[in-house]
Amino acid sequence: MTPTTLEAMAASVPDGALVALPPDNSLPSIALAKALVRRGARGLRLLGVPVAGFAADLLIGAGCVAEIETSAVSLGEAGFAPRFSAAVKAGTLVVRDCTCPAVHTMLQAAEKGVPFMPLRGLIGSDILAHRPDWRVIDNPYADGGDPIVLLPALQPDIAIFHAVMADAEGNVWLGRRRECATIAHASKRALVTVERVVPGNFLEDERLAPGTINATYVTEVAVAERGAHPVALLDEYGFDAAYVADYARMAKTEAGFATWLDREVFSPRAAAAE
Amino acid sequence: MTPTTLEAMAASVPDGALVALPPDNSLPSIALAKALVRRGARGLRLLGVPVAGFAADLLIGAGCVAEIETSAVSLGEAGFAPRFSAAVKAGTLVVRDCTCPAVHTMLQAAEKGVPFMPLRGLIGSDILAHRPDWRVIDNPYADGGDPIVLLPALQPDIAIFHAVMADAEGNVWLGRRRECATIAHASKRALVTVERVVPGNFLEDERLAPGTINATYVTEVAVAERGAHPVALLDEYGFDAAYVADYARMAKTEAGFATWLDREVFSPRAAAAE
Amino acid sequence: MSDIRPEERLAAALARLIIDPAAPPARHIAVGAASPLPAAACWLVRKQGHPVRLSLLHRRSGNPFTEGTRELFDLTGQGRIDLFFLGGGQIDGQANLNLVGTGEWPGREVRFPGSFGSAFMYVMAHRTILFREEHSPRVFVEKVDNISAPGVNAPGVFRRGHAQALVTGKCVFRFHPERARFSLLSLHPGETVESIRAATGFDFDVPAEVPRTPDPTPEELALLRGPVCDEMLETYPEFCARVFNRKAAA
Amino acid sequence: MSDIRPEERLAAALARLIIDPAAPPARHIAVGAASPLPAAACWLVRKQGHPVRLSLLHRRSGNPFTEGTRELFDLTGQGRIDLFFLGGGQIDGQANLNLVGTGEWPGREVRFPGSFGSAFMYVMAHRTILFREEHSPRVFVEKVDNISAPGVNAPGVFRRGHAQALVTGKCVFRFHPERARFSLLSLHPGETVESIRAATGFDFDVPAEVPRTPDPTPEELALLRGPVCDEMLETYPEFCARVFNRKAAA
C-alpha cells in the first residue's frame, strides 16, 4: 500500500460527488475537508452520518456544497453551524432533512446490497412528509393496519473519514467508531486520512482486527497528522474547543469566515501543516 | 459483575427455549453445551448462526433438541454431523433449513427492532419453498416485476457463546467475531462463558472497546477455562482436530455416542473439568 | 447549605420524574449530546443508589457503544432504552417537537440544527422526558411550524412510548397521550398558574390544586455538588464551573 | 519434474478458468470452508502475479472479516465478490445445486450438511465455478431432488451471476445460462465423450472437437508444490501431506 498525498486525494473527488462524512464525535477528516476547500471543489452533495459538523459548515461556507442530506448540522457546544444557517436562510443550499437512524438504515441497506430497509417511527413527522423517496407500506407481517416506512438504499460516491493508522496492506484502524466501517462498506470509494502508517497487517492481530476496516473497502490512504483537529481522535488527542469557538465567532459573518479561511486553510502555513 | 457457575447457567435455560449458537469457527460455548446435556435439557430449539457444528450435534445426540433452524450442520473437516444425520433419518428432529445470510438478516432485523428485512437471492430455491414464514413481495422501489424476499425478525430466547474474557462491569471481549454481538443484540438473554474475568472496563480502553460486547446485552457470565474446546479460540488455543475426529468416529452409532458422552460429559472427571 | 440554584432544582425535579413509580421502570437511560441537566439528573438517580444503566452519548472516553451511534438507535428499536430526553426549538400543546426550524420547510425563518434522532427515539423509547429551560410563547407554541417528531400518532401506528412530562424553567407539565394534552404538575418558586399561562402559547389543563416544585433535599444537593459534579466535569466543564463553581483539573 | 497428480491438474484447470479473459475480472475471490482445491487454484493465480484479493473463510489467523461471517454476504450483496466456488451433493443439467439431501425434504434419504450460503452466493456473486471431484451419475443427475440454489432464474428475477463452469474429476464443462445447459469444454486424460456420457446423469452439449484438459506447465507445478503449498499448510495440512507430500511444522 502506497499512501497518496492529501492534495492528490482532494483532486480525486469530482465536483458533484455524493460525499459521506461522519460527525464531529466520529472521526471526520478535517484535513481533507480543508484540502477540498483549497482545490475549489464545487457542487458536492454531502451526507452527514448521521449528523454533520465542523467539516460540513466549512465546506458549505467555502461554496463547495450544493446539497446536504443529514439529521442535523451543529457545532455542538459551540452552537449552531453559522455558514449552514446562513445558506439555509439565503436559500442557496438544498437541505434534505433526515433522522439519525434513517441515515444508518439507508447505508446498511447499501451495505447489504438490498434495495430498501424498513424503519419504525417517522410516521407523523414532517421529515417523512418532505421525503417523497421514502415509502410507507402496510407491514406484510402484521394482519393489516400496521403502516411502516421503507427507506431506499443509499450508496455514497465517496466516504471520507480519518483513522488512527493504516498498515502495510492498506487496512485502517479506527477502533470503536464502526459507523465509519458502515460508510466505507456502503460507498463506492473510501478516502481515508491517517495519523501514521505502520508495518504489518492489523487483521493478523486479534487485538487490532475488531477495530479495523479491511483494505477491500479503502480506495486511498493519505497521511495527515492531527487530521481530525479540532475534533478529538479517540485517545490520541482531545477536542480543541477554543479553535471551534473561534471559528463559530468568526464565521458568523461572510467576511469573518473569509478571514478565517485565509488564515486557517489558504495561508501557506496552514496548507503546509496539512 | 458476579459470575455465575456453569451448572447454574445451564439450569437457567428452560426446556423448549429458542437458543442461538455460533458455529465452530466463531466461539461456541462447548462447555455450556456439555452442561446442558448434564442437566438433561429437553425440547430446545436451536438456531445455528449461520451454521451449526459440534455443540449442536452433541445436543441433538443427547436428546436435548426438538428443532433446529440452520444453514447447515457439519463437523467441518471431520465430515457430516453424525447425530444430526441420524436424527434427520429417524424423523425425530424438525429441521428448518435456512441460508447463511438469511440467518444474519433475521437477527439483524431483531437487532434493529424492525419486523422484517429484505434479502436478495433465494428465489427459485426449495429453501424458500419450504419457508411459509418468508414472503415474496414486489420491490416497491422498482417499477414492478422485481420480486424480493422479506424475512421476519427472529428474536432468540437465549444467545449462548464463549468469549475470551469478561471485565468487572460485565462487558465481554471476543474480538473480531462480531456475529456474536449481533446474536446478543437480537436475543432476549445472553449467557456467555469466558476464559477469565479481569479487572477494569474494556469500554474505557480504545484498543479493547471495538471487540467488546456491552454488558447491557450480557445476562450472565460464567468462567469456563478452555470453554470452546475442541474448537479454536482466537489466538488463545487452536482447534483440536483429533478430539473432533474421535467424536465423529464414535458418534456414528448410538452406542458409541453413549460411550463418548459417559467419558467426556458425564464422568466426574469430565464434569469437574468444566 | 448555600442557596439553591435553579439548575439544581431542575435536576432534582427531573430525577423525581425518572424514578416516578407510576412510570415504566428506568433500567437503561440514554442522554443525548449537550444535555447537562438531564445528565445531572441521571447521575443523581444513580448516586442515590438506583441501579440504572446510563448511556451518555457524548462522553469522550468510555463511550458505551461499539457500533458507533447506530447502536443507540438499534438498542432503542429493540426496546432496551427505557427513557430518553428531548427538547425542541418549538414544542406545542400536543407535545409535537420542532427541531428543524421556523417558517417554511426546512426552516427558512430560523433554522435549528436539525431533528437528530427525535423522529425515531420519541416513538421507540419507552418514555421521554421533555426538557426546555426557556419558557416563553416563542418556544411553547400552539402548533409547531414543522414537526420533527410527533407527540402522538394515529391509532394503529406502532408506538412504544410518549412524553411523560415537560420540565421548563418555570414549571413541570405532565403529558397525557390519550387526550394529547399537557396538565400543570408543579410550579417553580415565584410562578403562578397565571404567569405560566402568560408564558405559554398552548392551552393546558390545570388541576384544582397545583403544588410547588419541591426544593432539592439537602441530601440531593450534597450529591449534586459532590459525586454528580465529579462525574460531569470532563464532559460538561462549563456547566460544572457555572452551576457548581467547580473547575476540571488541567 | 515428477508425475502430475490429478489434484495438480484440477488446480491448474481451475486457475485457468479464474483468469479466463472472457469472464468478468476476478479482483476479489472468496473461498469457502473445506475447499482445498479451489484455494490452491486461487493461490496459484496469486503466485503467478495476478493482483487478486483472496478471502479465505476458514483461515484460522488473518481471517479477513471483522463483522464475522456476515461480512462475506454483505460484500457479495454489494457486488464486491467477483468469484465464488460451490459444489453440491447433487448437481443437475440446469446447474441447480442440492446441498440439502436426497429423498423427501429435508433430505430423509441421505442428508447432506445443508445449503450454507449457496442460495444467496450463487445468485449474487459475479460468477461461480462449480467444483465436484466425484464424477458419477449419483452426483450429476438429470434433476436434483431438492434445490439449494437454482442454476438459472425466471426472467425479471434479480441475479448478478451464474455458474461459469463445472470442474470434475473427469472433465470441465462450461455453463450457458441463456440456454441453461452445460457443454463439454475439455476432457481429462483417459476420458472420452462416451465415458463422460456414461458417468453423467444429465444431458449436455458436445462441440465438434473437445480438447484435452492441458497438463499443468512446469512453472505451474513448481508454484503449486512450492509457494502455494506454503500458504496452504496451516489450513489444509492433510491435503498438503497427501498431494504435495509436505507436512506442517509442529
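Residue numbering begins at 1 within each chain, and the chains themselves are lettered A, B, C and D in the order written.
Just so it is clear, a residue touches a chain if its C-beta (ideal position, glycine included) is under 8 Å from a C-beta of that chain, and two chains touch if they have at least 3 such contacts.
What you see is a predicted model, and the numbers here were worked out from it, not measured in a lab.
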Those chains that touch subunit C and also touch subunit B are A
Outermost chain relative to subunit D, judged by CA means, is C
Taking each chain's mean CA coordinate, subunit A and subunit C are separated, in whole Å, by 29
Expressed in whole Å, how far the mean CA point of subunit A lies from that of subunit D is 40
Rounded to the nearest Å, the gap separating the Cα centres of subunit A and subunit B is 36
Multi-partner residues in subunit A (2 or more other chains touched) are 108, 112-114, 119-120, 146, 148, 176, 178, 209-211, 235
Subunit C touches at least 2 other chains through residues 61, 63, 65-67, 73-74, 77, 124
So the complete set of touching chain pairs is A-B, A-C, A-D, B-C, B-D
Residue set of subunit A touching subunit D in the complex reads 110-114, 181, 185-186, 201, 203-204, 209-214, 216
Within the complex, subunit B is touched by subunit D residues 33-34, 57-58, 60-61, 63, 65-70, 73-74, 77, 99-101, 105-108, 111-124, 146-150, 152-154, 156-158, 238
The answer for subunit A against subunit C in the complex is residues 23, 25-26, 50-51, 70-74, 76-77, 80-81, 84-85, 88-89, 91, 95, 97-102, 104, 108, 119-128, 130, 145-148, 176-180, 182, 232, 235, 238-239
Counting only contacts in the complex, subunit C reaches subunit B at residues 28, 53, 55, 61-67, 71, 73-80, 124
Subunit B partner, complex, touching residues on subunit A are 105, 108, 112-120, 135, 137, 139-142, 146, 148, 150, 152, 175-176, 178, 206-211, 234-235
